[in-house]
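Please go over the structures that come below.
The following pair of complexes shares a single chain, chain A, combined with chain B in the former and chain C in the latter.
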Partner chain A sequence: MSKRKIGTLVFLAPAVVLVTVFVYMFLAQSIHMSFTNLRFGRVATWIGLGNYIRMFTRDAAFQTSLLNTLKLTAVFIGLTIPLGLFLAILLDLGVKAKGLFRTIFLIPLSFSFVASSVMWVWAFLPETGTINTILRAIGLSSLAQPWISSGSQSLLSVALVYIWQFSGFATLVYYTGISSVDPAIIEAAGIDGASTWRKYWHIVIPQLKPATVTVLILTLMYSLKCFDLVWMMTGGGPGYSSEVLATFMYKVTFSQSKFGYGASIGVVLLLLSVVVVAAFMIYMKRGERD
Partner chain B sequence: MHRRFIRMALLGLFLLASLGIACAAADGYSDQLVIYHWWTAGGERLAIDSIFEIFEAAYPNIEVVENPISGGGGGTMRAQIKTMIMAGNPPDTFQVCGGKGMLASYMSVLEPVDDLWDESFPVPDAIKEAVTVDGHQWGIPINVMRCNMLFYNEHIIDELDIDLPFATLDDFYAACETIKDAGYIPLAHGVGAGATYWWQLMYDSILLAVPSGGSEYLMSLYAGTADPATDPAIREALEVLKMLAENYINADYAARTDDMANNLVVNGEAAFWQSGTWGKGFFTSKGAVPLVDFGSMAFPGTTEYYMCHSDCFVLPKGVNHPEAARAWLEIFKTPGAEMGFCAAHGSTVIRTDIPLGGFDEMAQQFIEEYRDPSLTVVASPWGGPPEAYLSLMPAALSAFGEHLDVDRGVQDLADAYADLFE
Partner chain C sequence: MTDSPIRFRASRVAVYALLILMTVLYLLPLYGLINTSFKTSEDIANGPIAPASSLYLGAYKAAASSLGRPLLNSAIVVVGATLFSTILGAMAGYVFSKFRFRGSEILFFLVILGFYLPYQAILIPLVRFMGTIHLFNTYFGLILTHTAYGVPITTLLFRNYYATIPNELLESASVDGCSFFSAFRRIMLPLSLPGFAVVGIFQFANVWNDYLFGLTLTQGVNAQPVTVAVANLRGTMTAVWNVQMAGAFLSSLPIILIYIFLLKLVVKGLLMGSVKG
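Up next is the complex of A and B:
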């Protein structure tokens, strides 16, 4: 082996060791724990698929959390991607003070989730919050909502904050993607008589697949592991109306001391992420081959 | 190049080791106390600081490594503690809510402290009993708080000429109607940011007051021997909660935190707010004067009960510094530590030999209630039942607050109870 390869391996070794230990070994330990009935202060025994059978057949709270996670993911991704693309196209169309708008879109992303939560809780207060106060002030009091104090709107309220916080990131990624499209192709289309709308729809957007993959995977990752916003804004309530897998896993593990069951919820979360990302990667690969 | 790399690596290791030795030598401590608690702000921060001062003066050779972790009424700290203990790295001592159920949840990883409960620690038998499980004592408490309390805005009560205290829930409802007609919110409530245990405190207090409830029923509920699916007390208490939620509680309670709810009373928008005696600190921190701007009484229908909650420190198994940990627990028992702590914290001293002088009138009232032998001492939802009680049961109550369907509420509570004691 050449000296250069040895040097490369030496420098890679610490990172490989750290990832192996702190990711894969601990992951294996969690998976093993998920097949036991480990509780705090007690000896664990092997129960096989007991935890998994329980969660899908008799734990209504888990099923609600799973459904809420999927709903949150669908709303978050379903609105963040189109909104980010729309804002990126607006920036590309040459709006004045482009730099200022770029900065404004990115500012929410710089907030910590805790800071955002505290701010938005005050905004969402039904009686004295900013949103309902403004609506009443402009004569739209019929649109004032209970927001996070209602079981039917608590999850949507969390999703709105997530979209507010991440749409700037999606805008930036798409804008970078749009900027990298060969201007000669767009110019040629213009010469052939294509309208602005047709240029974006038929030329620019199809070339934004890598940007879409980036935004999709990152938003998917954040939505599946959503904890901070839910914990700080609603605590998963009222009832279990905004409970997601991450917050439910925390409560089961640390408040109820069921470490084995909590680990199984974590494994379900992992499998969910792997399945969705893998499916999308396969779809993208097929698209490239075509 | 290979030899040069090895030489540089060895030199680096030597420098790191020297730095470590130098740091250790510079400390001058012969022992260490690694302590975890959740008193991070306000009067609680001042209270624990007063104990640290006493401890460091008595034991200047022990380095105190403090780890304050706020959030969730101690839940965030307990999550950290469990992880540490399961990793075989327990702290020397940590804070926990005193009570049979809570201590039973941790008993398997604690050392008993029976020898610390001697004649130098004069406290009522009920307090000692609260930390006794399987014939052993598992913690040393520093304070006590009465949880079944109702605070009120003195100005609103005076303005509407309302007679206090309320012997029954019906007396309370009548007063609430008067308050509501005058344009005030009768009962301020806040369970926001996941603090659903405030629902549990209200519900458990109501369980004491309803005809089929009382102290024996509440204790059976905490011990796992009740049957919420069929016990009439559960349904009766839900009916009361429904009455309060539909008519007298602020509509935005689910979004408001406990502090935001307290603000309604402090600002003169609401008349009553349920809390434990620690609620006094919420008022005084905002400049309200006890017995001038606000007052307190037992929750309606619970005058004969003292729902007891205390803060304890415990001794985990296999700690690195057992002598320092025991020294800390001994300091906790002393009159000076208690007085300094409780004066700052707003809670009640538990030693019966501490005089009332030095405490304000409201604090003296709290101490007299604690020392009143005619009151029946019952556990609180924080200490009486197993730890998971405050995760499972409040979720059912929080959902009930949304739908207010008593039949569904009974079923949800029964399901949560079955999960708790499976």
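Up next is the complex of A and C:
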């Protein structure tokens, strides 16, 4: 073997072996397990699609979790993207101390979900929490909410924390995108007397598609994976009102010891991610051909 | 790029007012965190907005007594996992960007797909595997896990980083008789130092902030990372908000400091991680 071949092998082997075992072998085991009724301390029997049939026909908690996962994703992304874009445009309007504002908007991203849930649970407390206290102080007591303690608001409250943590990232990506728009194009439009907002709307924003795709894929993956925040803030409750697939999988697996069923919920999450990644890849391939 | 040349017409006051309002909203939870952590329990009764009436450190003492060992655990695991995943990613990224072979594109794709993996889909086999090889509840088990799931993103980051280093540099080196290894050591490694800083910081923050693996792969305080310990404070210190806040703040401090003092590198990592694979 040439030195080059040996080198290639030596340099790739550790990464490839680790990924093969920790990603692909474990995935295969999970998928296999999902076709069984494996439980703690019992012998597993092959039950085919039994787990999948059960979750979609008889398990209301699973269906709520799936729906909540999609809802959380929709709210999170639906608000993070416009907010990130809006803040990026504000920063682009020639303000002073841009760097400082950008840092401030990024700071929430530095916290672990555990730390941010501690501060947000406190902020959301109905009686003594920061948000309701401020609302009452400025005469808006009618706007005070039960937040995470209410079944109808718990999921939205978690989404709010997500938006707080990630919108600075969206701002960063959009701001970088806006900065790389060719000034000549904007200059040319300026001659026609286009207003500031119309320039953004007609010239800058259409050029930000790659930035949007970037933000979209990362926020999508994070919201599908979402475990820490929900687990820490609401534990999925009250009831199942904020239960998502990741927390439901954890409960089924580690509290109820139903490994086969837990694995099948993990596989559903995997399939959702596959759809997202495939859509992303197809978009990228199309971009390369154009 | 500096300012975009769009002439500024919107009301300057409105723009600053909006930015300041957003700043207040973004920092409000942080204010609650730091302010409450310095309050006595009597002081907390004055409401969440009132500033701490004195610089009470009791909550920090209480939090530190239960977070001491977990902080050490986190530090050990994070340093190990960051080192390994960064080095392995640099090696793989070097080959994927400079020594393509038949099927290398597909192999690269299969490696970086791991970045998009929802961990619930591998959680049960992972926990069982760690039990089988006797690495459950050990530093090395956590380091191995974080390294394995870090490698996809570090490989992607380094491949993109090495793509910006011209091939001519390597070609001229091989004319000079540099082999695969010495070309890596003598040419790529010195040029990689900024890359190592960026990717290392990216991984450091990711591993430090992990909760799920710490929760499922440790038991008791032996190898427990600080995120799990802070989460446990919620159970043992219910309604003792100053201790909870002090714990959350202590556990966040390393990454906040990195964000403040090394922001340029953090931003580079965030943007590099988001470019296409």
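Here, the second predicted complex is superposed on the first by the 268 of 290 C-alpha atoms of A that agree within 3 Å, B and C clash if a C-alpha of one lies under 4 Å from a C-alpha of the other, contacts with A are read in each partner's own complex, and residues count from 1 in each chain.
Just so we're on the same page, contacts are C-beta pairs under 8 Å (C-beta built on N, C-alpha and C of every residue); 3 or more make two chains touch, one makes a residue touch a chain.
Not measured: the values here are computed from a predicted model.
Novice: For A:A61, using the defined touch cut-off, is the partner it touches chain B, chain C, both, or neither? Pick first, second, both or neither.
Specialist: first
Novice: If we overlay the two complexes on their shared chain A, which of chain B and chain C does A:F40 touch? Say first, second, both or neither.
Specialist: first
Novice: For A:G236, select first, second, both or neither according to whether it touches chain B, chain C, the two together, or no partner.
Specialist: first
Novice: Looking at A:V23 after the superposition, I want to know if it touches chain B, chain C, both of them or none. Which is it: first, second, both, neither?
Specialist: Only chain C; A:V23 stays clear of chain B.
Novice: Comparing chain B against chain C, which has contacts with more of the residues in chain A?
Specialist: C
Novice: Just checking: does A:S150 make contact with chain B only, chain C only, both, or neither of them? Give me first, second, both or neither.
Specialist: Once the two structures are laid over each other on A, A:S150 reaches chain B alone.
Novice: When the two structures are overlaid on chain A, which partner does A:F254 contact: first (chain B), second (chain C), both, or neither?
Specialist: both
Novice: Thinking of the overlay built on chain A, is A:Y52 touched by chain B (first), by chain C (second), by both, or by neither?
Specialist: Neither partner.
Novice: With the touch criterion stated at the top, can you tell me which chain A residues are shared between the chain B interface and the chain C interface?
Specialist: 3, 128-129, 231-232, 250, 253-254, 259.
Novice: Which residues, counting only chain C, touch chain A once they are in their complex?
Specialist: 1, 3-10, 15-16, 18-19, 22-23, 26-30, 32-33, 36, 47-49, 88-89, 91-92, 94-95, 99, 101, 107, 110-111, 113-114, 116-126, 129, 145, 147-149, 151-152, 155, 179-181, 184, 205, 208-212, 216, 227-228, 230-231, 234, 241, 244-245, 247-249, 251-252, 255-256, 258-260, 263, 266-267, 270-271, 274-276
Novice: Under the definition above, what is the set of chain B residues touching chain A in their complex?
Specialist: 1, 75, 78-79, 82, 85-86, 105-109, 191-196, 250-256, 387-388, 390-392, 395-396, 398-402, 415
Novice: Note which residues of chain A are touching chain C in the complex, please.
Specialist: 3-4, 6-8, 10-12, 14-16, 18-19, 21-27, 29-30, 33, 87, 90-95, 101, 103-116, 118-120, 122-123, 128-130, 133-134, 137, 164, 168-169, 172-173, 176, 178-181, 183, 186-187, 190, 195-197, 199-200, 204, 214-215, 218, 221, 224-225, 227-228, 231-232, 245-246, 249-250, 253-254, 259, 262-263, 265-267, 269-270, 272-273, 276-277, 284
Novice: Can you tell me which positions in chain A touch chain B when the two form their complex?
Specialist: 3, 40-42, 60-61, 121, 124-129, 146-151, 231-241, 250-251, 253-257, 259
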